[in-house]
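Written out below as structure tokens is the structure these notes cover.
Letters A, B and C mark the chains in the order given here, with residues in each chain numbered from 1 onward.
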Amino acid sequence: MEHVARLARLSLTDDEAERMVGELSGILEHVEDLAAIDLDGVPPTAHPLPLVNVLRADEVGPTLDREEVLAAAPDAADGRFRVPRILDAP
Amino acid sequence: MTQTALDIAADVRARRRSAREVVDEHLATIEAREGEVHAFNAVLAEEARRTADAVDGSIAAGDDPGPLAGVPVVVKDNMCTRGIPTTCGSRILEGWRPPYDATVVERLREAGAVLVGKTNLDEFAMGSSTENSAFGPTGNPHDLARVPGGSSGGSAAAVAAGFAPLALGSDTGGSIRQPAALCGVVGVKPTYGLVSRYGLVAFASSLDQIGPFASTVADAAAALDAIAVPDPRDSTCIPDARPAYVEALQTGADGLRVGIVEELTEADGVEPEVRNAVERAASVLEAGGAHVDRVSVPSAVYGISAYYLIAPAEASSNLARYDGVRYGLRVEGEDVGTMNARTRAAGFGDEVKRRIMLGTYALSAGYFDAYYGKAQKVRTLIIRDFARAYETHNVLLAPTTPTVAFKLGEKTSDPLAMYLSDVCTVPSSLAGHPAMSVPFGTGADNLPVGVQVLAPPLAEVIMLRTAQALEESVR
Amino acid sequence: MSVYEAVIGLELHVELATATKLFCSCPNEFGAEPNTNVCPVCLGLPGSLPVLNARAVELALRLAEALDFDVPDRSIFARKNYFYPDMPKDFQISQYESPILSDGRLEVDGATVGIERAHLEEDTGKTVHMGGGGRIHDAEHSLVDYNRAGVPLMEIVSRPDIRSAEQARAYVTELRGVLKAIGLSDVKMEEGSMRVDANVSVREAGAAEFGTKVEIKNMNSLRSLGRAIEHEIERQSAMLDAGERIIQETRHWNEDDGTTHGMRTKEGSSDYRYFPEPDLTPVAPTDEQRAAVRGALPELPAQQRSRLVALGVPEAAARTIVEAELTTYTTSATVSTATTADVANWVQGEVLARVNAEDADPEEKLPAARLGELVDLVAEGTISRAQAKEVFDQVWGTSKVPREVVKDQGLAQVSDEGELAKVIDDIITANPKESDAYRAGDDKARGKLQGFFIGQAMKATGGKANGQLLKKLLDDRLG
């Protein structure tokens, strides 16, 4: 649970985490019905549509106004978005 | 009964009424009842009057403002509106004003419609009751102590309460059809890819689809005419031309081959009144000349499980961007990771967190194959089973939702019970097929019941025709 | 101490030379004001959706032709999920299980380096770190610019077929030449439009198994790539000699102290939860698309080199010329194969020096045909090599014509045999001692004295005498 919360960048209180464990295990138990299905040789469906090669011409279009963009930001400085220090490498 | 969208447009275009008059009337209705219904996150009275005046102005100048001239519309608050707050029912986006309009919003404006408000929803469209909104629940206009369904509960309630003849919602696993059924209105989930998703804040991208709510099938068709157009900004939007839905509307069920989906009609928890409504609907069609029988879609019973893995998995990724950096809420922290985690903890409600956790887990190393991977294969089975059913049938019938509207708070403490109420709607979502709910009488406590009409991909015309046959029989 | 063999694989990220970003129509340009080349898509605004740039696919197909890649019937984009403030959606759209290109190869100095895959992905934004000397971990806060977010990248992953730092550099140089030639990228390592990571392991020479590999990042020039690999090979070899175990990790190259050091990573943070990008459709290149590219593929560096060599350009000069992208200039300046080597000499010498110093297009500064004319003036004996340099200085960057410069300034050599014979005869008469010594001397002595006589003759003619002719006349008289 801790690992998943870290991957999801959610800080959960102990209470929340505990409640979540209960709820999620209930749901995971329900989805166990899938384990019984014979899925040998069945391909996965990622897209419900058969479309392929949807492409866009390499032509420049409009961009947003920087002031408008930065006005929406919680914090900005110097024409950029400002964030607290970064501890990890990507 | 309130005027239909098509009547309003006809009157406004013929100058029998002004768009301004129409909008003022609807604003008055909203004024009178919104306090108890709470269908809206924002009522855009001023903007609506301005738009209406512009519509009237263009008519006076001899121009045609479009097929929805002067028709008040409301859109779910997960569709971007330029300069107008778009919250998704979440604290994390409270106050955010998108710098652009969703394609559907552009299309409605181009059709001459008048945007009257942004409607309430379960946070990020995750829910089946509209109780998961950070801004409070919406009441069902038929019984304010009950839920309107969800997640597009605000849009369904707005049409049911006469706040607007047309509304847009989004349907990922039933979020248009289910509230339509519970509020006694028409709700259409089009084929995946029929309507552009550009500007629809994503919940589960491979399932999300925008569609209309209306009080009549014909109005829903008119809304589809406006919004179902190819859009180069959405790679998954089908590039082919669509039929003209209003024009294509036919009456009568003669010659239709209709199948009642056994697995959905007999599913656990489907109330007798609801099952009954499906049977009666079948009889009506049969009496109209349709051939009706039962059909099996065996894998449909796995719909809920597949859906509650795929949708949260995609959601966990789609909702990663709400991190306190570029827009929306930020809760400060000493480093960026802490800031992200605190922002998300404070900004998301319980149901969103639950689904993010579930989806993250389903995609994580070592679990992908057992969960997400398996669910995608089940999706293939469901598509195959439907294809088989459609070899012998034009349309299928099923309940929209197992029960009539339940009481506010009744299911909030049991997420799984809430999820199970989507049992009848998720299979066609997973398949990407169109499906709609049409009001068909009442069930327990005299509350509305909807019957679901399912159709093969891009067979909206025959789906609408079937629904209209049902609508005529109860009128 | 054992003898070790290095096993090296390289991962290149190159920015594609498109007009717009990979999934939106924002300009793909370097150096714009921060956060001006942004739109809802590349800022990851709620509701926005990606649409793939057709040009990126076309460039990938060109690369397929150039490096003999397989083009799978279908490739799909996937989301690579991780949180980082320079990534607007907190996932990167990349390709994972099914890249657009697989199994290519590149000939590098007679050896074949296999290329496992090449795939398309989006770049991240750029972060500057404020306070703490600009280092990421010590900074007080950071500022993010999303202009680069969504810029198209091609990631090219070699097989572990490289065995030395030198070969690694040669591979990158050759690959860079190919990428430039086909117009895929301008591959400027210094501007970051090409970034190279190296996977390095060592094993006892002759061993069949690979050693534990270490990934090295942060090399920003070919030179640092070579240095970093050399250092890493030494470091790993020393560890093995000392009986230590190599741990699989990512290490950062530090240009200043010439070493690599481990990077801070949070345990368990690299679970990227890849899944197919639902907002994009698969890429399925058609036969028409592939044929169109095949027909328009320009000449690759290796082909350019062999063409130059066939024309008479020495191998080394051909390499320099092709790398400097002066192949066409060279061939246009070449009038006859007799003078090809001379032309090549000029191109890799004077022309390249000027081009580099002035960052100029040589064709604009000195049309190739005029360089050819200059070379001919020397070949036909009209001017000497020394004079030709003078003429070059005068015609470069001006509209002057070499032959006219020579005429106007009376630079032409004296090639009149009668006139020069008189000069030589006078010198012989005036220098009887040297003349006798020449007559009696061996080849070595004659060689020395030849310089003396020619020098005198040049002095007498103001340096304009045709040297070849002088030698002949001297030989006639004293030989």
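Annotations
One rule holds in what follows: a contact is a pair of C-beta atoms (placed from the backbone, for glycine too) under 8 Å apart; a residue touches a chain by one contact, two chains touch by 3 or more.
Quick caveat, the model's predicted, so the values are computed rather than measured.
Taking each chain's centre as the mean of its CA atoms, C is the chain most distant from chain A. Nearest to the overall CA centre, using the mean of each chain's CA atoms, is chain A.
Centre-to-centre separation between chain B and chain C, using Cα means, comes to 56 Å.
Per-chain CA centroids place chain A at a distance of 23 Å from chain B.
Between the Cα centres of chain A and chain C there is a gap of 40 Å.
Within chain C, the positions touching two or more other chains are listed as 40, 43, 51-52, 81, 83, 85, 90, 142, 144, 271, 273, 275, 278, 280-281. Of all residues in chain A, those that touch two or more other chains are 3, 7, 9, 46-47, 49, 51, 54, 56, 64, 69, 81, 83-88.
Within chain B, residues 96, 99, 206, 232, 235-236, 316, 320, 323, 325-327, 336-337, 340, 360, 364 each touch two or more of the remaining chains. Taken in their complex, chain A has these residues touching chain C: 3, 6-7, 9, 46-47, 49, 51-64, 66, 69-70, 77-90.
By the touch criterion stated above, chain A contacts chain B in their complex at residues 1, 3-5, 7-12, 16, 20, 23-24, 26-28, 30-31, 33-35, 37, 39, 42-49, 51, 54, 56, 64-65, 68-69, 72-75, 81, 83-88.
Chain contact summary for the complex, chain C toward chain A: residues 18-20, 24-27, 33-40, 43, 51-57, 74, 76, 81-87, 90, 124, 127-129, 136-137, 139-146, 250, 263-266, 268-269, 271, 273, 275-276, 278, 280-286.
Residues 78-80, 86, 88, 93, 96, 98-100, 102, 197-202, 204-206, 232-236, 313-314, 316-317, 320-321, 323, 325-327, 336-337, 340, 360, 363-365, 368, 372 of chain B touch chain C in their complex. The part of chain C that touches chain B in the complex is made up of residues 40, 43-52, 79, 81, 83, 85, 88-91, 142, 144, 271, 273-275, 278-281.
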